[in-house]
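Just below is one structure, and these are the notes that go with it.
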Amino acid sequence: MSLVQALFYVMSFIALASAVYVATTTNLVRSIFMFFITLFALAGLYVLALADFVAITQIVIYVGGILVLILFAFMLSGKETLNAIGRERKTFISIGNLPALLLAALFLIVLVNMIFKVDADNLEWIKKSVALKNDIQPDAAMTENIGVNLMTTYLLPFEAISIILMVALIGAAHLSRKGDRS
Amino acid sequence: MISLTGYMVVSAGLFCIGLYMIVSKHNAIQILIGIELMLNAAILNLVAFGRYDRFNNGGQMFALYAIVLAAATTAVALAIILNVYRQYKTIDPGKIDELKD
Amino acid sequence: MNILTLIIFTPLLFGLIIALMPSRWRSSFKYVALLATLVQLAMSIWIYCNFKTGAAFGGINHETQFQFMQKLPWINLDLGAMGKMQIDYFVGIDGMSVSLLVMTSFVLVIAALSSWEIKSNLKGFFILFLILDMAVTGVFCSLDFFMFYIFYELMLLPLYFLIGMWGGAKREYAAIKFFLYTLFGSVFMLLIMVGLYLSVKDPVTGNHTFNMVQMMNPANYEPGSVFSVAAHQTIFGLSARAVGFVVLFVAFAIKVPVVPLHTWLPDAHVEAPTPISIILAGILLKVGGYGIIRVCLSIFPDIASSGAYWLGLLGVISIIYGAFNALAQKDLKRMIAYSSVSHMGFVLLGLASQTAEGISGAVMQMVSHGFLSTMLFFLAGVIYNRVHDRGINHFRGLASVMPNYTAFVIVAFFASLGLPGFSAFIGEIFSLTGAFKSHTVNGLLPYWMAACGSAGILIGAGYFLWTLQRMFFGTVNFKGGTVWQTALVDLNFREKLTLFPLAIMVLALGLMPSLVFYKINDSVLALVQFLQLK
Amino acid sequence: MEQFLQAIDTQTIIFTLTAVLLPLLAFVLNITMRGRWDKISGWVSTVAILLSCILSGFVFARVWNGHPVHQQLLWFTIGNTQLYAGILLNNLSVLMLLLVSVIALPVHIYSTAYMKDDEHYTRYFAFLSFFCFSMLALVVVDNLFLFYISWELVGFSSYLLIGFWFKRHKAIMANKKAFIMNRIGDMGLLIAIMVLFTQYHTFDITQIFADNGLISRSVMKNGLWVSPTGHLPAIWQYIACGGVFLAVAAKSAQFPLHTWLPDAMEGPTSVSALIHAATMVAAGVFLLGRVYPMFNGTELTILAIIGCFTAFMAATIALTQNDLKRILAYSTISQLGYMVMAMGIGAYASSLFHLVTHSFFKALLFLVAGIVIHQMRHINDDNGLGIDPQDIQHMGGLRKKLPFTFIAAIIGGLALVGLPLTSGYLSKDSILIHAFEWADGKGPLFKLIPVFALLTTWLTAFYVARLIVKVFFGELRLLKNTPGIKLHVSDGSWAYKLPLVLLAAGCLFPLFSANPIEFTRSWLFKGFSPAGGFGAESSAYALLPVLVNSLSLLVIYWAWLIYAKQKAGSLLQRGFLYRLSFNAWYFDEIYNNGIIKPVLALGRFTFWFDRIIINGSVNSLARTGILVSKLSSWFDRNIIDGFLNLLVAIVRAIGNFARKFQNGRVQYYLFSMLVIILSLFILKILV
Amino acid sequence: MHDLLPFLPGSINNVLDSIPYFMPEFYLALLFVLVLVTDLLFGRDSKKLCRIIACAGILLVVHKDYQQIELLLFTGQANGHFFFSEMLLLTHTAVNFKLIVDVLAFILLLYFGWDDNLNEHPKGQSDLYSIVTGSVFGLHLMIMAVNLLSIYLAIEMVSIASYLMVAYQSENALSTESGLKYVLFGAAASAVMLYGISLLYAFTGSLNLFSGNLVTGLMHVNPVAVSFALILVFIGIGFKLSFVPVHFWVPDIYQGAPTPVTAWLSTLPKIAGFALLINFLRPFIFFQNWNAFDFRLFLEVISIITMIAGNFAAVLQKNVKRMLAYSSIGHTGFAMLAVVTFNAAGFSALTYYLAAYGIANICALALATYFTNVAGAVDMDGYRGLGLKYPAASVCFVIALVSLTGLPVSAGFTGKLFVFSAVYSFYQQTHNFILLVMMITGALITVVSLFYYIKIPLNLFIKRADVPVNSTAKSTEILILAVVLSILIILLGVFPDLLLKYF
């Protein structure tokens, strides 16, 4: 297991470190590209959690969809100007950000505190799940499972989300469209 | 096995980084990225615990929906940000404050 | 069709007629409004004449003893586990209401007559006027707390606009102050009303009820409910019933008004146009007094007894404080407004005494003040209409310029300061007698209160006479010079027509107090008996 | 509650009722017919009062010394108390009924002439009739409630009449003062009535004050005032008496509430004659008569002291006055003091006797004064002099111009002084004798009362003499100062003369007693004295009249000398010098230095005291009242409303706090939201 | 596949059985597609057509909603029916909420076309109708959702549609600005909520509120942690309800959005949000030994603070829409009073109150539109003296405000009375003094709310105009709408059982 664990630590480190870079860099482009790294690292973590389908979806939709969208938006909204805005602040952690930093840090402390209080590995339901063999084994083919669930138990959200996407599509198209339709 | 606590800590870390971003960044796109980080923190949680939910697959399914919804939200948000840029020539939310008390 | 229902909704009907009439007929609106009030007056006189007296018609806490009753189911909801919610349309009158009802319809006629001075937005004015008319009439007829409350609140908005749109210079301030003050009282009244509703069950149907008459019977309270007499519930560590009483009392005390909740009154009275001042002083204040009788005393007799001292004290303070303030005023209407505070203090004092004399005196004082304040405000309106000024110091020697006017002023002033032969005297003297007697009869009020109250009569003489002396007597000297002198013509026919019946009424009640006492006596006795039983 | 009554009683009641209501009818007619009947309105009132007078006479004849007539009708019911309106006719009320109408009649007649030229002639008579109605009602009503009503109405009509010339600043100040002062008394009466009502559950005068009435069955026990119908703390008995006394003091102008009366002279003189001399001011004494059983020993003594003091004080003041009517006003106060004092010393009958006689001669004197003033005003108006027509310093020698008036004045004056053959002699004597009797066997301090009463008599003699001398004797001083003025002065028409005749007749002894010397023989006195009455043994009986009257004459003579001498050396004065030779100077010196100056000084002092301290304190009371009212008004505006403003400020403050977050920056919103969540978390951890 | 094979027929049957209970939503989905297709086919000229279709469709949906009452009663499931694998729960209350939402949506759909500002939008309105119908679908889901997934989905669905609606007038700077604020705040709130949901899932392994192990599972976890998770979820729900502290977006967005959209935002998502809140709380409240988190206390405190913050801040506003925004925050606080009782009476009171609020608020905003249309008035100062020029509209405005204040005779008053009665009877059972404080606050804010609501009549009628308004613009349709709504308000005030007997 050490390999898996090691991988976990590596992935976690990459994810967190890149996220910190994303958060702190003053260069928007770098920040966006660093976000790629974070997402990839997260996908790796998903794999480690035996959720390969989610990991793939993550890469396809996030990296392939969202980030590209963001880049497009970035380009469309005039790169130079935006960069100029981004570079206005030189300092790494300015005084202005101190409250934000403090807030985030306090949140972190509180959350970590909570996590240790919960003792996630010894939760009742996890023990029960392990006992009932309801946990996913590394060799299981979860994709099929997901497929079946998607068509039965989770049919409603599946259908609903199509409408959501449609709405989003219409709306985004409407907003992005310039001027009169004709 | 990887400890679930580990996942949770990583997720908490991501969440807080995202949180930091949404309140400190001066660029709407970066704020959006911050939100994505927070979403990913949640998804990480879901996925990690979804491992113990083989039949219902709740965690993983939720993660999938969350990713798709994030995409939809992002698309809408970006469209709006684009419009804002057209109107204000800036996307610093701190500078867009015509509506206030 | 029930006569009370008719009398309540007649004005609404006429209001609709006005609303539907085209604006070019605007000069006839006032006649329509006047007709509405006259019809009401006729009906109320019919009611008065057909109102039966005798121990079997005491009313108060016996539903069967009310007259001209009508009870229809109104809101009827099945709330499942919570039982049924039933609100009745329930009107009826006893002696307490009938005198005030007649007085109200009389005053409304006068108010309609004095609306001639209104020149702008006639349609709006008369529609609002008639809505207000309906609300005040409704208050005096309702026996269901919910209806009572609705009519009570319904008065506010028309008044707000009537003061705000047709009022004087500071009308916005006065209107909002009035509105906020009274609303402040009534929203808390709503809470108590709901509490009472949920505490009381109709013994017949087994549902909760808003029926005020049933609220007076301790047996109808659900055991353990908040306002149950036996349960001794507390709210914030205070006796729940005491809290209920105080809250309701505050709501009505604002209307009465009782010092220190009175400051809306001078502003509202001064800024309001004459007809509205008349309604405010003539009727609205009585709604407060009536509410104290019908709700505070009757539903919470136990607290009314234990708190009588404080009620009496407030009454005495109002009498003295109002009188002193009246003495200091430079504006005629303001002076009259403060005199109302003083006069209504007698009502509170009389009610607090819980003696037959005191309560009869209080009702008499209310009826009398209804006519008198109407007269006073109308008189103040007369000169205001002529020269748009009311400063006491701005006039001198009016008696030489307007002798008829002065004659009426003298009648009104002397009647107000309690000259025998006029109604206020009867009201005041019996309020005081009741208050004095109270210590011997039921030990509620100390003797000195009555003595202090009579000092109010003295100060009352002071400010009225001083005003007479400053404004009406002496050599003619106006602030506005000769312009005023030509503007200040004596009363015209309409004004005389308005004032004369008032003077007659005031005199008639003073000479024949049995006009009121005969009709109310059974109710007063029933109330006193009820209060003694607790 | 219709009771069967003997036909004769019913008739009496109807007569009384008619007598009372006729003036009211006249009032209503005059008010409603204003503008149309202007000229005959005076006669409407006069006829009404004449009829009243006749009817009163009938009633008087029937009831006097007969059985009292009492009839009542249910007026209204309040609670369990039934209020009856009724008429009570006994010796006291029929006497007053007759007195009022008899005095009112000449005054009415007089007024028709006196007020002839006034533009508000009708209003005057309306008010006058209204006064008569109130006053007549006051004397016949049978319960305290109605009594109070009439009592106030009397005050009100007095208010109207004092301020009749409402354009005169002084008049309206005076009527306000009168009314408010009376209101103080009314308040006292009101409290007294409330106390009695609480104690006895009735307003009925007979039930409470009759011989065997409730009050006679009440006793003081252990600090409680116990009656058959209940009990109250003893203090309320004193308060009730105090209230009644306050009422009496206000209406009958007793110390310390007397200052309104001199001011009230701003009204027409005829009004002063009727109201402020003969009838209304006597109402206080009448009230005392009505409720006499209420008072016990101590309270009566206090009454006596106050009455006596008032009498003396007013008399000293009257010495120095120059205003004709004011002198008479102070004299009235002084005489009322006598009556109150008489009540205090238990001389019930004497007090009422004096009340009646005083009414006649004081009304007479006022009417005389009215004529004089009227004529002086004529002179003033004819010549445009701009003098005060009431100032006696301008007068003099009028006896030649107004002989008729002069005679009337002499009769009235003598009666006032109380010289034999006048009615005043009888009543005043009776009071003085009673006072001495009363003081007998009491402590030395009690003797002061009769002594001062005696002194007052002489002071009275002096000022009356001074008045008459200054007005009627000597030369018209106006002529001296401004010679060549036109004088068209006469006694006036029959409407002036007839009232004087009528009243002057009433000032003489025959009306009251066949015996001009002994008051005990008077029918009036007997009517009020218990059977068997007064023993004639007392030595005072023989001595006092002689002493009093001789000294009075002396005083008058003194005055004569002083005032007549200063003008033209008349024979009389020389005759006096002749008899006393150089002592005249000596007397003069003594008079000037030893008596007059101190007395004048005392007079000035008491007047000053009256003006500054008493009047001042009343004024400062008013000032304090206004100050208090200003304060409370300030309090109202700033504190009570301020509280409201404070509430508004609080609402604003909270609102502003909530708004502070809305600075338009979305990240700030997020930040705030997250901070709140975080604090919730931390709170959750800590709790 | 092997794992789930045994359950497959059951699951498929479940799906098939669910369809009858899903008819309104089914029709809504069809309607959405129809509007969308119309929009695409007819392009620029489709505005009217889209509106007609949307309105007609909504009416049909209302009809279908109504049929669901019978369906529930017919199948004897008065307590509700779970369907779609317990994703959704249909109860009588839910049907009521759906009816209210659909009826109000119908009114709003009419109203969208009458706002001149929105009409001037160069890109047409057809897209808006598609978005709106989609949003109504989301609202329906929100009302019925009982699974964390469906809850999240529904909220997101409504949110995304709302972002688009707010930012719809892309040529209008304010609209765009508020869109940006809304989307950033909303996305952040939804991320926070998702994190909370993920924690709940982590703690229990279940997403199903009712039949799953969610509540029992949470009992075994550290209560502090559970509270955290629940608070985070509440943030998401609260974002829809706009209670403190998630109310910050409200004033800016309400002010900036096109007025009809403000009317939409202030009513429908809020009403649906309350249904969601009830559904979310139900398993916790009725779970016997639940003690990890005191929902009632939480809601009580939040309610009091919300009432105070919303109403007090509204006092100082000048812009009409902004003032109504703050007041809507206050109304949320008041409606939460009824939620706290958590019994049938409370729910029927809540439903009635929300219906009354919805009608009155839409009426008020419609009139705001009216005055903007005819006189260009946006701020209260702009309303000066308009009352006499436009008496009918002004009187309607007064009626709407009277109802919002809660004065008789209006639906708002009756609603307030019912809420008070419900809370009071609950107080009689529990004697919890915070309930009293809530009621007193509720009464107090009535006075405060009068203070700002009255400013509109004050300006309309009492203040005199500085500059006479010379406008010939007419907006008859809105006026008719407002008159109808005003009559409805009064009618419901006098005869509340017209509506209440269904609840």
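Letters A, B, C, D and E name the chains as they come in the text, with residue numbers starting at 1 for each one.
Assume a residue touches a chain if its C-beta (ideal position, glycine included) is under 8 Å from a C-beta of that chain, and two chains touch if they have at least 3 such contacts.
These figures come from a predicted structure and were not determined experimentally.
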Using CA atom means as chain centres, which chain is nearest the centre of all the protein shown? C
If you average the CA coordinates per chain, which chain's centre is most distant from that of chain B? D
Using only Cα atoms to place each chain's centre, name the chain farthest from chain A. D
Determine which two chains are connected by the greatest number of contacting C-beta pairs. A-B
Computed distance of Cα centres, chain D from chain B, in Å: 99
Averaging C-alpha coordinates per chain, one finds the centres of chain A and chain C separated by a number of Å equal to 70
If you average the Cα atoms of chain D and of chain E to get two centres, how far apart are those centres in Å? 81
Averaging C-alpha coordinates per chain, one finds the centres of chain C and chain E separated by a number of Å equal to 43
Would you pick out the residues of chain E that each touch at least 2 other chains? 3-4, 7, 149, 153, 156, 160, 163-164, 167, 170, 180-181, 184, 188, 192, 202, 205-206, 224, 228, 251-252, 313, 316, 451
Among chain C residues, those touching two or more other chains are none
What positions in chain B touch 2 or more of the other chains? 4, 8, 15, 18-19, 22-25, 31-32, 43, 48-50, 52-56, 59, 61, 65, 69, 72-73, 76, 79-81, 83, 93, 96, 98-101
Name the touching chain pairs, please: which are they? A-B, A-D, A-E, B-D, B-E, C-D, C-E, D-E
Tell me, which parts of chain E touch chain A in their complex? 1, 3-4, 7-8, 11-12, 14-15, 18, 29, 32, 36, 39, 43-44, 84-85, 87-88, 122-124, 127, 130-131, 134-135, 137-138, 141, 149-150, 153-154, 156-157, 160-161, 163-164, 167-168, 170, 202-206, 213, 217, 220-222, 224-225, 228
List of chain C residues in touch with chain E within their complex: 75-82, 85, 121, 124, 149-150, 153-154, 156-157, 160-161, 164-165, 171-172, 175-176, 179-180, 183-184, 187-188, 190-191, 194-195, 197-199, 224-226, 233, 235-236
Chain B to chain A touching residues, read off their complex: 1-10, 12-21, 23-27, 29-30, 32-34, 36-37, 40, 43-44, 47-57, 59-61, 63-65, 67-76, 78-83, 85, 89-92
Note: in the complex, chain D contacts chain E through residues 651-652, 654-656, 658-659, 661-662, 664, 666-667, 669-670, 672-673, 676-677, 680-681, 684-685
Residues of chain E touching chain C in their complex? 343-345, 348, 388, 391, 398, 402, 407-409, 413, 416-417, 420-421, 424-425, 427-428, 431, 433, 436, 439-440, 443-444, 446-447, 450-451, 454, 457-458, 461-463, 495-497, 500-501
